[in-house]
Amino acid sequence: MEQDQLVTNTEIRVRFNECDPLQIVWHGNYLKYFEDGREDFCIKNGISYLDAKEQGYSTPIVKSVCEHKLPLKYGDIFIVETTYIPTIAVKLVFRYRVFCNGKLVCTGETVQVFLDEVGKLALIYPQFILDWKKEIGLE
Amino acid sequence: MEQDQLVTNTEIRVRFNECDPLQIVWHGNYLKYFEDGREDFCIKNGISYLDAKEQGYSTPIVKSVCEHKLPLKYGDIFIVETTYIPTIAVKLVFRYRVFCNGKLVCTGETVQVFLDEVGKLALIYPQFILDWKKEIGLE
Amino acid sequence: MEQDQLVTNTEIRVRFNECDPLQIVWHGNYLKYFEDGREDFCIKNGISYLDAKEQGYSTPIVKSVCEHKLPLKYGDIFIVETTYIPTIAVKLVFRYRVFCNGKLVCTGETVQVFLDEVGKLALIYPQFILDWKKEIGLE
Amino acid sequence: MEQDQLVTNTEIRVRFNECDPLQIVWHGNYLKYFEDGREDFCIKNGISYLDAKEQGYSTPIVKSVCEHKLPLKYGDIFIVETTYIPTIAVKLVFRYRVFCNGKLVCTGETVQVFLDEVGKLALIYPQFILDWKKEIGLE
């Protein structure tokens, strides 16, 4: 297994419009940062929203969790570390850790399922995911 | 012409997540307020996004303008006054005035065009718009 | 204890700009809906962001969870049921259930702490919260 | 005058959560892209929100205009070209052109004023702006 293929680091700068009257990033915007990290991971691994769509699948989020340790402020430059978590369930699970200046800012997790073109839940992994998992040594 | 059918007043409360570090509504969020006002107008008049879609049209925004006189703050309750502006061009033009405590906060305008199901620009008004204009005495 | 004071129901309509290319509400926007419900609860109970600010406190979110059962689409009218969950920890815990047409769409939870004016974590409940808890029969 | 200091090009990728049910970027999100371009320009020129704040000023937007020629879709990589427009009025005026694959997608303009620490409108340019204008050869 090539462990480094299971982790992506994405650098982001906090935008003015992402901060709230407390002068910190509004908590809901971390789900955008997680999406930035997840898309970065998925594009690099050929399993992005557009790749899934081409194969006839969508991958909606069914669960998201975010725990905040420290606030981010306007202008902060931070890293979203996105890690793919292998699971036997027919799901995509990602964990996130956000770091700024070497400190852990926030952790999180998202869970996605696979829906086919008529919106039916996939009970086995789509072929393009099986192929990808084999390619990175997970099967 | 029934003038009161051409204006809608929509009451909105400023949300915490719409305010920025200057403790005021971030300027881009006024386009959401305009959309709230426009949707309120269009639903009441039977020409909403869903009505258009049912008739095979979409109505993308091609121009938006926003001029700010006073800031809105968290918790403010305000009115979006949405006015339909008749035009001979095949467009939907709306003007907006935002009032809070009787004072003019901001003015704006949006322009929309009609695209048919293959994304082609409509050069004459769709029938459902002609019907609506006749109904409110504009033709 | 007056149980009905611990639950608030807030009606919301899905906006066009809250939906994504899958034609459903983007998952991160549910945190806005939870905030709408929480603010509704807190304003009715006199413990809102502005009430806390007046007392010298802010109440940042330290954890949020969202689990999706069904999607919401543009135009859907739904209810956010916000329930205050009493806890001995010096925190504000709210649980959310979103219903549309009688069906459970999503559940969630947020946890908030109290920071004083210099950003220090409160280790005992601020007086205005103690007063409110007594008032609703929780102490 | 060093013309190239008056223009900044900023590359951005369209995010999933910026697209609407029409499968295109929701029109209001272009104001975020303009802000990305403007911040990029201002940081490079030492006149950003944080620089202004340090000097005791804020620079709220008083007008924004956006005209759309072509839609952007999820995954598109585009350039925001931000140009500073010199003016004798005590304002910051920026014009924007968004390009994707060599085609003009959208144009826009924002106007900002200067407020001092008590929120009073500045009637002459703050010193840090005069210094910057001299530095880039505009005075």
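For reference, chains read A, B, C and D in written order, and residue numbers begin at 1 within each chain.
What we mean here is this: a contact is a pair of C-beta atoms (placed from the backbone, for glycine too) under 8 Å apart; a residue touches a chain by one contact, two chains touch by 3 or more.
Only a predicted model underlies this, so the values are computations on that prediction, with no experimental measurement involved.
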{"item": "Partner chains that subunit B and subunit C have in common", "value": "A, D"}
{"item": "Chain pair with the higher count of C-beta pairs in contact (B-D, A-D)", "value": "B-D"}
{"item": "Interchain centroid distance [CA atoms averaged], subunit A/subunit B, Å", "value": "35"}
{"item": "Centroid spacing, where centroids are CA-atom means, of subunit A and subunit D in whole angstrom", "value": "30"}
{"item": "Rounded Å distance, subunit B centre to subunit D centre (Cα mean)", "value": "25"}
{"item": "Touching two or more other chains - residue numbers and ranges from subunit B", "value": "16-17, 28, 32, 35, 74"}
{"item": "Subunit A - residues contacting subunit B, complex", "value": "16-17, 19-21, 23, 26, 28, 74"}
{"item": "Residue ranges of subunit B in contact with subunit D within the complex", "value": "22, 24, 27-29, 31-32, 35, 58, 60-68, 71"}
{"item": "Residues of subunit C touching subunit B in the complex", "value": "15-17, 32, 35-36, 39, 48-50, 74-75"}
